[in-house]
Amino acid sequence: MSTESHRPSFLQRYIFSTDHKVIGIQFLFTSLFMLLFGGLLAMLIRWQLGWPGHPLAFMEKIAPEGMPGGIMVPEYYNMLFTMHGSIMIFFAIIPLLVGVFGNYLIPLKIGAGDMAFPRLNMISYWMMPPAIAIVCAGFFLQGGAAAAGWTAYAPLSTTLGPGQVCWIVAIIVLGTSSIMGAVNYVTTIINLRAPGMSFFRLPLSIWALFITAIMVLLATPVLASALILLLLDCTAGTSFFLPAGLIIDGIAQHNSGGQVLLWQHLFWFYSHPAVYIMILPAMGIASEILPVFSRKPLFGYHSMVYAIIGIAGLGFLVWAHHMFASGMNPTLGTSFMISTMIIAVPSAIKTFNWLGTLWRGSIRLTTPMLHALGFVSMFVIGGLTGIFAAATPVDLYIHDTYFIVGHLHYVLFGGSLFGIFAGITFWFPKMFGRMLNETLGKLHFALTFAFFNAVMFPMFILGIAGMPRRIYDYTQYAHLAHVGGLNRMMSVAAFCLLASQLLFIINFFWSLFRGKPAGDNPWQANTLEWATSSPPPHGNFTVTPTVYRGPYEYSVPGHAKDWLPQHDPLPSPGGH
Amino acid sequence: MTRSRWFSSLALAVFVGIGCGSGKPPEASAKTTTAEPAAPMQLAEAPAAAAPVVAGSASVRGTVHLNGTAPKGEVVKMGADPVCQQQHATPVVTEEVVANAQGGLKNVFVYVKEGLSGSFPAPTTPVVLNQTGCWYQPHVFGIQANQPLEIVNDDATLHNINAKPTTNQPFNVAQPVKGMKTTKKFTKPEVAVHFKCNVHPWMSAYVGVVEHPFFAVSGDDGAFSISGLPAGTYVLEAWQEKYGTQTQKVTVGDGAAQTVDFTFNAQ
Amino acid sequence: MLTVVLRLAAAVTVWLAAAAAAWADATPGVRIWLPEAITTTAPEIDRLFYCVLVITGIAFVLVEATLLVFLIRYRARPGRSATYTHGNSLVEIIWTVLPACLLLVLALRSQRVWARVRGTPPTPQLEVEITAEQFAWNIRYAGADGTFNTADDITTVNQLHLPVQKTVLIRLKSKDVIHSFFVPQFRMKQDAVPGLTTHVWISATKTGHYEIACAELCGLGHYRMRGYLTIETSEAFQAWLAQTLAEQQT
């Protein structure tokens, strides 16, 4: 908790700040903007799927090459789903969960004044705007932005234009930003915990962010290496992923010695842990919110911690379940099937423990609680549908179909995004000193929940019917001639889903300026961030707190209030 | 809370109604872009050059011969795409070398290579390249640099026009819907630029891009004609997609017509 | 309490009705569900699918119903406070062991089917080579001499004919990028990878006309990489081979 004797300039306080809270909020605004952009791209995808080949007049001005006369061409569609996926994963979900909540919450919840490396933290945010500029530059280059899917499988990704190269460079930049952030998180959590804050008194969201950061440190360098190899194959004539004998576009290629499947192994070695990087913080947030609004301790705190560690560890052993049909040795199909089945167990444990937290609670359905419950209920669907894919022979059928698209959207939107909404609505009062409007918040949740299910649940049906993914025009196939109606309904729901986010945007900005003042602890919660003002001062705590108990001592028998903060020196029976 | 549930269920029912009520699924050949009638400019099998701005009165004509027997074209497997196959009652062969019984060689691009002076502004009327029956029409044609090239999809199937020039900017544009048009320009002279379609690999066309209007493509009988030339001495080049190029020098006076013949040897 | 449950039930009914309406929008007689299974292994895969569906379906209903019941039963009411407990080791052990057992059962069942479809294939009675390219399937039959890449090979583009009730081994290659050979009615897909030859074997049980789709993004024509699969009697198949060979040689 350093005291600054000089008065920092506007630039130092709000633009190039080293204060973790400011950096967290910078990530928040940037990532929410990218979330909206990714959502708009999805609307164009849903337009094409609902009304294939129909013109969308105003798009002719915006994308004259991609939608001439308003009619989408196939390469534009390929670019749309590539950029939708890439932006959502790398520029929205990961920065929101890891960049926003990691940065904002870690020092506050462990009782520290800031991160261990504040300047490194600032650099890690400031790598994001250049990455955005680079990836979006692709839209203006010949051939458009990247169009090989967010998975960028070689050799296809080596045959596309400069937009693909921009994509590769941008992700390398973002990966570097992630690694910097992770170094900070791990160091801060290990070294800067307040007195009394033992590891097993840490709030579960901090455990989740801690383990997530370790995953980032182990996995992201592999992605960066793979991307550098791919970049060389695209630009320098190397053959890491390109075998001999390729004939691309009628021209014999001069590569030899490369292995196509190597890209997939390297890519998924990162990208599977990445999906756990995208769910663990959300699980941590849900575990934080459920006790507060059930007024009950988290059920099975220790198991929850071990489950997080289990998911993270096993998460590094399942990557090739994305490759069952890839042509790899079938024995690997068996081994990865086993590890994938095993990883379902810790997720199940967590789900039951959340239910256990609700059991015999005193439940208040506030907006953050609704989003957290939405997270739990939708993550269950995402997780259960994953089991179909884990059963390898079934995966041979549903791989690369809409079943997988449905599964991934249930875990990423139903899971991660509801977790993000839960976190934003829960910590908005702390961040900005004002309350969000509850009525708008509940309405936003209800509409988002309903429309989200309406878009995503039929995807399972479509996948079972055999509709492949990444298909510009499914009406080409006789066996898909009858799915048009369902696709149209999903598209209408998608438009309504995006429109519903207006409620969130209005609520957010209106409350920023006109929300009811929040006070220090509007939710009557126990963790350390609620022990200081809203928003907290630079340095977070005027006096370093001392921690006496765990984070979820709610409804302690014999105690007058139904909450007992971690830093309150009153003794508590049975606390640890 | 329950009110929100009612609302969301109602909303769900409403838009399901919208989805279901929209009628039958759309077809790939959407009834959207009205296919305007193709501009009647320069569409013929042996397109004539546009009338030159600086009109001379000399002309050069002749015949391109093939010495020997033309190799047979390959039969195209149109079954790959039923939309293509339906449009052809008889099997189609590739057009790499097409000669008539007298040895007249078709689809040879003949143009003035050297000897012209002055500039010839590009016409604004487009040259049209059609994709009909999964076949490029015409197979070989000429265009002036910076003259618009309008590429039209006449088929109810996806074509992509993959142009692979070496001097000009390459492009690859998909036209998934019948009637779609794409307009492109070549800015630099290049003989010849190859077009192919990735969806129908047998489709092939060539365009000779020159900076003046003095070019022609030999017809079924191997005959070609270039008129409106100013008097002078020129080098003429004949380009054939398999046999390469041949040049000949010719001198023409005002109002005169010179005959220049080319002969390629069959291999 | 009762009114809350009734309202929830009404909402669920409306939702189900909406879903049914979307279902019914399907062309009469055509359902949006698993297409017919036309190979010897496809029904096994379907049985495994239904097994997973039943287990996950029950888990889904139990978990979501429990969630809803808890939300209603344990909502905040004046005079009632939450029960202070940190957990219950026995219960946690049960709900760790039970899912683990179910998943073990699924893993064993999956492995049995996996070994059958991807283990050593049975001796094939016919071999076909398919070389995928952007954007077509180049199909090659060995012809009478049984050797590929000889003069009597029969080649087609996008037209795959197979005899019914014969074990067929399909060898997949690619010229340019990754493609994936997918026939929904086979319940089978296999990537065609440049630099590798991958295999898939089937034994068809039903004649008919079906479609091949490309199931790995391969460029702008990916969506149109549609092949035509005809499964016919052995006699019809041989006749087609002979006819195609004759056409090729003219």
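A few notes on this one:
Chains: A, B and C, in written order; residue numbering restarts at 1 for each.
The working rule: a contact is a pair of C-beta atoms (placed from the backbone, for glycine too) under 8 Å apart; a residue touches a chain by one contact, two chains touch by 3 or more.
No experiment lies behind these values; they were computed from the predicted model shown.
Taking B-C and A-B together, the chain pair joined by more C-beta contacts is A-B. In this assembly, A is the chain whose CA centroid lies farthest from the centroid of chain B.
Distance from the chain A centre to the chain C centre is 28 Å, each centre being the mean of its Cα atoms. In whole angstrom, the spacing between the mean C-alpha positions of chain B and chain C is 43.
Averaging C-alpha coordinates per chain places the centre of chain A 49 Å away from that of chain B.
Chain A has residues 73-75, 249, 365, 472-473, 476, 481-483, 485-486, 489 in contact with two or more other chains. Counting partner chains per residue, chain B shows two or more touched chains at residues 5, 8-9, 12, 16, 19-20, 158, 172, 174, 198, 201. For chain C, the set of residues touching two or more other chains reads 22, 25, 133-134, 219-221, 224. On chain A, the positions that touch chain C within their shared complex are 73-75, 78, 148-149, 153, 155-156, 159, 242-249, 258-261, 294-303, 325-327, 330, 333-334, 337-338, 341-342, 344-345, 348-349, 351-353, 355-356, 358-365, 373, 376-377, 380-381, 384-385, 387-388, 390-394, 396-397, 399-401, 458, 461-462, 464-466, 468, 470-474, 476-479, 481-483, 485-486, 489, 554-557, 562, 574. The touching residues of chain B, counted against chain C in their complex, run 2, 5-6, 8-10, 12-13, 16-17, 19-20, 75, 77, 79-82, 157-158, 160, 172, 174, 198-199, 201.
Looking at the complex, you find that chain B touches chain A at residues 1, 4-5, 7-9, 11-12, 15-16, 18-20, 22, 24-28, 30, 32-33, 158, 162, 164, 169, 172-177, 180, 182, 196, 198, 201.
Of all the residues in chain A, the ones that touch chain B in their complex are 51-55, 65, 68-69, 71, 73-75, 142-143, 249-250, 365, 442-443, 445-447, 449-451, 454, 472-473, 475-476, 481-486, 488-493, 496.
Contacts from chain C toward chain B in the complex involve residues 4, 7-8, 10-11, 14-15, 17-19, 21-22, 24-25, 133-136, 156-159, 219-221, 224, 228, 247-248, 250.
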